[in-house]
Structures are given as C-alpha cells and as structure tokens.
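For reference, chains read A, B, C and D in written order, and residue numbers begin at 1 within each chain.
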Amino acid sequence: MIIVMKAGAAKRDKDVVLRRIKELGYTSHVIHGTTRDVIGAIGDERGKAALQALENLHGVENVLPILQPYKLASLEVKKESSIVKISDTLSIGGSQIVVMAGPCAVESEEQIIESALAVKKSGAQMLRGGAFKPRTSPYSFQGLEEEGLKLLAKARDLTGLPFVTEVINPETADMVADYADMLQIGARNSQNFALLKKVGQLGKPVLLKRGMAMTIQELLMSAEYIMSEGNQSVVLCERGIRTFETATRNTLDLSAIPVLKGKTHLPIVIDPSHGTGNHHYVVPMSYAAVAAGADGLIIEVHPDPEHASSDGAQSLKPAKFDVMMQKLRLFAEADGRTM
Amino acid sequence: MIIVMKAGAAKRDKDVVLRRIKELGYTSHVIHGTTRDVIGAIGDERGKAALQALENLHGVENVLPILQPYKLASLEVKKESSIVKISDTLSIGGSQIVVMAGPCAVESEEQIIESALAVKKSGAQMLRGGAFKPRTSPYSFQGLEEEGLKLLAKARDLTGLPFVTEVINPETADMVADYADMLQIGARNSQNFALLKKVGQLGKPVLLKRGMAMTIQELLMSAEYIMSEGNQSVVLCERGIRTFETATRNTLDLSAIPVLKGKTHLPIVIDPSHGTGNHHYVVPMSYAAVAAGADGLIIEVHPDPEHASSDGAQSLKPAKFDVMMQKLRLFAEADGRTM
Amino acid sequence: MIIVMKAGAAKRDKDVVLRRIKELGYTSHVIHGTTRDVIGAIGDERGKAALQALENLHGVENVLPILQPYKLASLEVKKESSIVKISDTLSIGGSQIVVMAGPCAVESEEQIIESALAVKKSGAQMLRGGAFKPRTSPYSFQGLEEEGLKLLAKARDLTGLPFVTEVINPETADMVADYADMLQIGARNSQNFALLKKVGQLGKPVLLKRGMAMTIQELLMSAEYIMSEGNQSVVLCERGIRTFETATRNTLDLSAIPVLKGKTHLPIVIDPSHGTGNHHYVVPMSYAAVAAGADGLIIEVHPDPEHASSDGAQSLKPAKFDVMMQKLRLFAEADGRTM
Amino acid sequence: MIIVMKAGAAKRDKDVVLRRIKELGYTSHVIHGTTRDVIGAIGDERGKAALQALENLHGVENVLPILQPYKLASLEVKKESSIVKISDTLSIGGSQIVVMAGPCAVESEEQIIESALAVKKSGAQMLRGGAFKPRTSPYSFQGLEEEGLKLLAKARDLTGLPFVTEVINPETADMVADYADMLQIGARNSQNFALLKKVGQLGKPVLLKRGMAMTIQELLMSAEYIMSEGNQSVVLCERGIRTFETATRNTLDLSAIPVLKGKTHLPIVIDPSHGTGNHHYVVPMSYAAVAAGADGLIIEVHPDPEHASSDGAQSLKPAKFDVMMQKLRLFAEADGRTM
C-alpha cells in the first residue's frame, strides 16, 4: 500500500500513520516529496482491508493499493495458461476454440433435442440451456428445474455434447452438479459468495460470468473464491457490462480478453447473446471475440426464437448459426487456431 | 406493448406480427403513421417476456413496453404509503425519520455494546451490524456468524434498540431471522432471487438494498419477489450506484427518493456510508437525504474506525455522529417531520 | 508519481526506468517490496504527461499519479473560500444561497419579462435564459441569438436581476459578454478548451457546468483552464452525470458538493432541472442541494412549460417555484444560512 | 410520439393532451388499454421537442419517441453504403480497409517524417498526427499548431500519404482545412455544435469521433449537424466510452459497428489506441474491429513512445505495428476484404 499524506500534514499525523502501519505488521518506508510525503507499507497486502482504513486518519489524503488482491487466479502464481477439462475429449483454454450453444431456457424435450442436434451439426462442442432461470420478474417463467436437467442429460446422451447449465442456489447446487458437465454462475450471482463457495466445493468445472457492474479485478476475486475452496477449473465469461448506451442491452467489453490474458491463466469465453441482446449483433461480435483471442463462445440458439419463453430477441436460428460457424472457422484459422 | 414496424415493412410482415399478438392472447390495434406503422398490443403485459421476442420478427424495428412490470410494489395497486412495523414502538414510513446506526461488522462484545450505547445516546432508533459479511475477497474477515448474532441480541437487550443485519444465504436465513428484527439484503444479493424468495417466506421486515448496477425499476422488481411470497414489510434502500466517478466509492443517487415516491408505497432509506465510502461525505449526504424526503438513514458508526475490520474509511466516530444527529433534527423540523 | 514494477522485473528494466525518471528532471526513490519494487518519482508532476508514458517501458506494471493536477483551483494554493462577485450587491460563495431562475431559452419579450418578474417576486437573485442554444438536433430551435441577449438585458433593466446566459462559440463570446453578467459554459462544452481559454480572457464571472462524463478532477482542470488565463471568477455547477439509470435524464451527483468543498475554494451551484430532467424531482433535489451545502441553485422556471420551445418537461411553473422558495428558506435557516 | 396516460387519468386530462397534439400539427389516435390509454401523435416528429413537453401535462405518465431524429445520416433516406473519398486513389467505406496511423501529436520534423515512412512501409494508407491538441490540463503540451500542419504536409509530400488532423476551434478551422486531407472532430468536441456547423461548411471529409458519454443516436445527430450544412463526407469513429471499468482508459464499444451498420450508410472507423489507452490491448482490439466489420482503423504509432509528449502509453512502436499489419491482412481476407 502507498499512503499519500496531505500537503503540510503535521509530524504527529505522520507518526500516527507510521505507528499504525507497524501495528498491522508492515514495514514502512517514507518518501519525502516536494509538497507532501508518501509512505510505502511493505508486506503482503492481500486480504488486509485494515490498511485502507488508514484513510480515516488525520492528515491522510488517500491510500493506494499496489498488489493485485488475488493469488490463485494470478499469472504471477501460475504462468502457463490453464486448460480446463470438460470431458475426456474436450477442454477449454488450448488452441481449439470451444463453442457452447443452445436455448436460453429448456422448454420441452422436443425443443432441447432439436437444439442439440442442430448446434452439434454446425460444429458446437457443448450444449447450453437453463433449467433454473434467474428472472428479473417473479411472474416470468422460472425454468423446468430438475425436469429440465433430465432433458439436458437426455440431449447429451443422444448427441454426445456435454452441457453447461446455471446454478442459482447453494441448496440445489448438488443436484445440478449430479447432472451437468459444467456449472454456470450467472451475472446476477457473480458476487453471491455463498454460492461461489459452494461450487468451489463441488468437483465440476465452473463458467463464471462477469456481473453487470463488476470490474475485471472483482471478477478475478470471485474466481478466487471458487479456487480458494479447492476447485481450480474456472472459466471466465464476459457477457456485457451496464453502461449508459441503450442501443444494446449491455455493452460487450471485448477488451476484457487482452486485459484478462495479461492478468490470469484462466480461459476466457465470450457471451455475445447477452452481451448485445440482439441476434443481429451476435454474429459480428462472435467474429470479433475470436479475433481478439477468446478461448470460446457461448451463444443462444433456438429453433423458434419468436416463440421462445425467454430472450427470444437475442437467439439465433439454427440456419443463421450454421452460416456463422463456417465463417468463424476462417477467423480461427487466420489466428492459427482450430474450432 | 407498442410494436414499432420498420419504415416500408411489407404487409406480410405486419400480418405475422398481428397473428403472433393474437396467439399470445392480446388484442392488436394499428396506428398508420406517416412513415411507418405502430401496433399496440392490448392486455396485461406483466410477466410476458414473450412479446419482447417479437423484435426477432422480420420488419419489426423495436418493441416498447408500456406498463410497469411490478404490481404489489406499485402505487397503482396501493395508493397510501406503507408503514413497516419493526417493533411495538417503532415503524418506518411515517412522519418520524428512523436512523439505524452501528458498525459495519460485529467484531467483539465490547465493540458492539459500545457502539449500541453510543448511537442510542445520540438518538438512533435501530442498531445495525454485520454477522455474515459478503466480502469481495475470500481472504477478508467474513464475520462472526452466529456468535455475531448473539452479540447483537445482547446489545439489543441492553439498549432496547431493535437491530438489522444481513442475510447472505438461504441456508442460514432462518437462523438469522431467529435473532434479528429486520433482515438486510445486501447490494450484491439484490438479484439473488433464491434469497429474495426465502426472505419473502420469513415473517420479518426486510431492508432491500439497491444493487450497484440496478435500475430503480429492477429494485422494485426485487421487492416484488419478496412481496409475491407473502411478505409485504419491505423497506427499500439506496446505497450508491456504480458510475465512472472515482472520487466517491459509489455515486449516491438521491433522486431515487422522489422517483420511488412517485412509483411505490414502500418506504425509502438512504445509506450514505456505502453511498460515498468516505466519512467526510456521510454527514452532508445525510442532511441531503432527509431534505429530499427519505424515510430513514442507515449509517456506519464505529468507536474506533482506524482499527475497524472493514469499511473503516467510511465509518463515523460516535462524537461526530452525535453532532450530526443534532443538526439532522433541524432539517427534519424544516421538513415538518420528527426524528 | 509512483511507478509500480512487475513482480520479478529484471534489474535492467528498473535501470531504464530510473534513467528515464532522471532525464525527465525527477529524483527517484526505490522501495523494495516483498514481491516487487515501487519507485517514487519526486518533483512537481503537474503538466507532465511524460511520466505516464513510462507505462510503456518493459517491466512496468503501472504508474500512479500522487498530486492533483490543478493548482489555481486547489485548496492547497488558496485556503479560504472564494466569493465570486456578480454585481455590486450580489456575490456567490458566502453565507447567502443564490438562486438563478428563468426559462431554458428566451422565446419572446413577453415570456422573458413574465419569467423575470415571477422569479424575482419569489426571491431569485439572478435570471437565467438561453440566447444561444446547443441543441442535440440541428432541426431544433437554436435560440434567438443577439435578439435574445437584448431581451435578457431588458428584463434585467426592469427587474434589477443580473443574468447568466450560455456562450457556445469563441467567435460570439465577446458579444455575449457585452450583455451578460455571467457567462455559462454548458455541459457539452465543458472540455471545449478553445472556449474555456476565451472566457478566461474576458472580464466576466463564469458558471462552468460539469460535463456528462466528466470526473470531478476533470471539472477542476477545466476551471484551471479559465483561471490560468487570468479569470479567477469561476463558479462550478453540478448538473447530473450520465449513468445507466433511465428513470431520470441524468443522475444528479450531490456528493460532488462535499467532494468539491474538500478540494477547491470555488463556489458550487446545483442544477436540479437538467440534473433530473423532470419537474417533479426538481423541488426535493433543490432542498437536498441546500442541505448538502450548495452555494446556489440554477432552476428552470417557465410561465407555460407545456408550450416551451425546449426542456418543458423539466421546467417549474412560477406558482410551484414560489412554494419551493418558501420551504427552501427553512432548509437554509436550518443550515445557518440565508437566501 | 406515443403519449402514455396514467392509469385512471381523468377525461379532461386526456382532452387537454388531444387538444395540444392538434395545436402542434399532429393527428392523434387513441388506443384504449386494459388499465390506461395510450395516444399516438401522427406526423413527422423530428425536430419537435415540443411534444416531449407534454410530459408536463397532468395525467401523462411519459412520452415515447418512435422515429429516429436523424434524416440525412439514416439508412432510410440512403440505402447504399457511402464511400467517402479522401484522395484520387483512396476512399473509406468500400471493400478496402483503411488504416490511418501516426503519432498522437506532431513533435518535430524528424519525428513525423520517421513515423510517416514507417507506417507507410507497413501498409497504412493515411497518416494521423495532432497539430492542435485538446489537452485536459492547460499546463500540458498544446501542439505545434500551424507549424505542425506544415510538417504534416511535408510528410505527405514525401510519402504520398494523405493526413487527418484535429480541428478544435471554428476560428482556426479554415487554416487546418487548407493543409489537411481530412478533419477530425475529437471526442471532447463531439457536441461542440458551433464547430460541427463550421466543418459542415468546409469542403473536406470529416472524421467524427464519438464522445465519451455519447449514445450512438447522439453520434448520428452530430453527423447530421455536419451533413445538414452540406458536407456529406462524414466518417464515424468509435474510440471508447466512459464506464466504471478502470483496467482500460475507456471501454471500446465494438458492438457500435453492427449497430451503426443497421442505422446509417456512413463508414465506421475504430480507434483502439484511445479506446483502450494501453498499447498491449491495441493489437487484439484492431483484429476484433476488422472481424466485426469496421471500415478502417486509426492507430497511434510513435518511433519512441517512452519519450512521446502525449499518450505514449497507448502508442505502438513501428516494429510492433508492422507485425500487426501482417496479421490484420489475414483477418481482412477471412472477411473477404482487402487492406
């Protein structure tokens, strides 16, 4: 931590800061500047919110953290990229780009089977579909719950595609883990720490979505929650942040890809469906995500979007998805990767 | 819903929209504009995400909702302001402004008792304190849990102040409700729908904080989750939203007070401590909140902020809190209210 | 500046940084941390963007500025609050709260005279009104220009109220200054540096509005532009920032009042009309602004808002303004100030 | 416009609205809903802010615009993509991707010549460089002004590369136009309407940057200002918007590409240098921009970024730029375009 003193702060104010730094177990180091002093507090600052409280001391202008607050997720701790294994034949984080596709919500056996067959035919390697749906309105369709999980498993049996589905409650997380190949933490639960700890204790890979108002550093802190419970199989997912712009449902922050690649060894997947909220924009944003270096994509595909129970406006039809996958392969090749 | 067609949309496109509106159980009504047609879909649009999916149809420019999606929280359903009863002698929502004060986290018996005595002496009517702490870092202090609840109950016994404390997990919510007078849903759990449903089933008043990226409409939808489970005792809390400004930890949106007063009968409380993140700004923002019509305040007060385990930078010392309470009374009187 | 090196940065990387710091005229000071080194660059860092470019050097994690980049606007340079003189009998920044009121745009002699008489009767000390209007659409009413300035002068002659009006172009700024008592820089021109320099050279007080995406620090930098040209009579104005919330036209950031009071000696005025965009919210936000310590208010009042050529939705009618002014006085008194 | 009445609004309130709609020259059309009435006001609503003022009428809930407020920039008016001619041999908007590259500011003859030669060698088709610099601080380097323009012209003579440079003041715009091939309106002047009108009157192509808090619709309105003065040669530029995320200087909104392609015929160029503020992120974001369909890129390249007078942290070195251009060509080919 760097403690910046006010210009003209009294010596006794500085002494109080120095004493407090020592009490907290740090070594201090003073730099005398031209108009003010700056004090370095040397030591591991992770997990020490106490230093931040020095801002309350008289004569202190502000307190600047130096270290990143995450460890396990950090490139400093693990330099090589992580490969998250989904099944015996599928991993996320290598030179193969992984596409997860399927409907927002599982609605019926026919719908999920039709979706799974279609996305497999076009080259998707995983199926997505919600059985527990976190909906803004209590009056909206909340998902088929366990019945939905069973239908997803049936689609997997038929197609061989492993599936990812959302967990929304620590109480039902074990049940979801019994069926699913990968557990999704949705944007609205990205700082639901009870749920993060729970999936950290389960032996399944996790797809962790960034919250709508979450900084990249906070996303890595949420990953750290899962990892600190023992589960290192975390894949990060950018799905749009909330800004003033209303032409898109969210603002898809593709620069999160290189930023994350410079800070963490965890793979990064992009969700252009929620990221834009409009099926017209999903295709070009998918191309852009691959060109920017994303390790994968998660895309909503629905056989009949106009009749979808949720998020129809952002779902691709299978035919459009198929065309997209063909061109996506060209971008992957231009980047020296496969799909 | 209003469906805006594209300029020059084909007749067959419009026919598909009209047919789909009928299928969904609505009556349609076409307005022929100078450059395009606009179609009204008449009927209760709450809980009908399906209409939004019409944006996916050919020839449709966009779909505009007309009705507010909440019912129970709405002024249209209940015109008189709600008074939420906390104890036999204390309610929130009337002409008396209610101040909840205390430390961010319960740290020890001595600390919570000292805090409770101090805030009571200055006129606070409720005690606040966290036993389960949702911390950004897994390495930060996570709270004393049930031990903290016991200490809060002890402080209540001693001072007569009812207390509000946070619930973070459906699995421990019953236990918290056994001790607390009011359950707080924190900003990071404001769209944790499993938790909202759970507190909706418990017989305790709820203090529902606005999430950092939550619109006022979404805040009311989260209240609706609680209310639709049978619990009408909901108090809303504005605690700052996330913006580009970094001079404050969050941007306290005081205009939420009159906006909410125009939409809901539920009381509104302001949290200037999290809203600004800096104890220097808590005092003027408390005055402003009362002048703008807030029904109450929730304020962090710590006997020794520099040694606080969390949020020390935004906590008031008891002496400063005391001075503030005296002046706050003058603003309350100017507004024809009491404290 | 504080230069944070990467963990494990090579000695030669550090040497390059140290050499570069010396070249730029700073003294360096190294703190050896537990995982990385931190280098302080000692010297006046204002106006030295060059140091920021050190981020481009190999082995550098990031560069943190320590000093505020403004001088003349800073409390460090001038400790007592500035009183900006508008006329022989009116100043902004003392214990009297100054209210500027009037229509968004000057539309006709009748309209501006009627407005001036009404706001004076209710206690406003200044008239506001736009003659040059910066409108988002080229097809909207752009103002009466010099004719509007003449009408404002006529209203001043009749009522004795000095007036503030906007300048939008360096080419017409002299002309506006010939008529007006105070020059307004609008939110959209808050970083129009050519215009800022121009009004810095004119001998008239300036009302400088915060831009929609402007940090408080940038607002002070724009004030610095005006002051560095020789004009110290600057009044800052918070008028709402752009956020994700759409219930209000902007999000009025009242915490800017105490933040600015802690950084600058310049007076602060609040614009609740543009800050909320809705006349229903103007009244409570005006009360809140005064309670938070604002030095003044600028409020849109129109005799016939439904027929206003611009911003009718946020304009108060004279009768509502009159009721507000009476209650505002009670809040001013509670704060020990006058109006 | 759609005027939404409050639930239970009185008949006389509705009558006032209907009368006012008629006065404004519109035809009204009432839809009787289940809980409230909705009134369509039929007619050209562009430039009619007056309708918005109906929100001030008793019984009105809100007013929703239907039409886009721009005409000349709209796809509805001109369906085929615009090709903006820069020189006899270079145009923006066709199947060739145009790269503009060079330093943030012109610093010396040697620097701009070296830059121009380098970027040309790597395949850039235009030179960029600032002669008038809009700097946040009055104490920062403000550019070489006319001397800088002369050096840019010299670099053009030597290399054949046309150049784009910023205009910041209507008073000096003619002078800039005498030298430059394309005039840039910077983000901070994106709603400086006096400047927009001025460049609308000059016969040079304009590169219009999006402001930091500007919606896509507002960007098109600013283009409309230029076009309504007679200059149709407008190229739009996305350069990052301001959000809560601080890991990047701005948040580059690449989804603006498909959104704009769906609304306007004007070409779209991406500025990944300002959009991210960090040279590490410029390369992947350039690839992403091309994959998403951008018509061009504007990139900061400096022969010696660590010594740059401004924006060194986001400037590429020529060698890195050269590598990027080679790979960029592969992405362009994957998209069926040239460079």
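Basically, a contact is a pair of C-beta atoms (placed from the backbone, for glycine too) under 8 Å apart; a residue touches a chain by one contact, two chains touch by 3 or more.
Since the structure is predicted, the reported quantities are computational estimates derived from the model, not experimental observations.
Think of each touching pair as a link: the shortest run of links from chain A to chain C has 1 of them.
Chain centre most remote from that of chain D: B (centre = mean of CA atoms).
Both chain C and chain D derive from one sequence, and where they touch, over half of the residue numbers involved are common to the two copies. Each chain gets a centre from the mean of its Cα atoms; for chain B and chain D, those two points are 38 Å apart. Computed centre separation for the pair chain C/chain D is 25 angstrom, with centres defined by C-alpha atoms.
Separation between the centroids of chain A and chain D, computed from CA atoms only, is 30 Å. Shared contact sites, meaning residues of chain A that touch two or more other chains, fall at 213, 241-244, 246. Of all residues in chain C, only 213, 215-217, 241, 243-248, 251-259, 262, 275-276, 280-281, 283-285, 287-293, 327, 330-331, 333-335 touch chain B in the complex they form.
Against chain D, in their complex, chain B makes its touches with residues 2, 4, 7-8, 29, 31-36, 38, 40, 42-44, 64, 66-67, 76, 242-244, 246. Touching chain C in their complex are the following residues of chain D: 20, 46-47, 49-50, 52-57, 63, 69-70, 134-141, 168-171, 188-189, 191-195, 197, 211-213, 218, 221, 224-225, 228, 241-242, 278-279, 305-313, 315.
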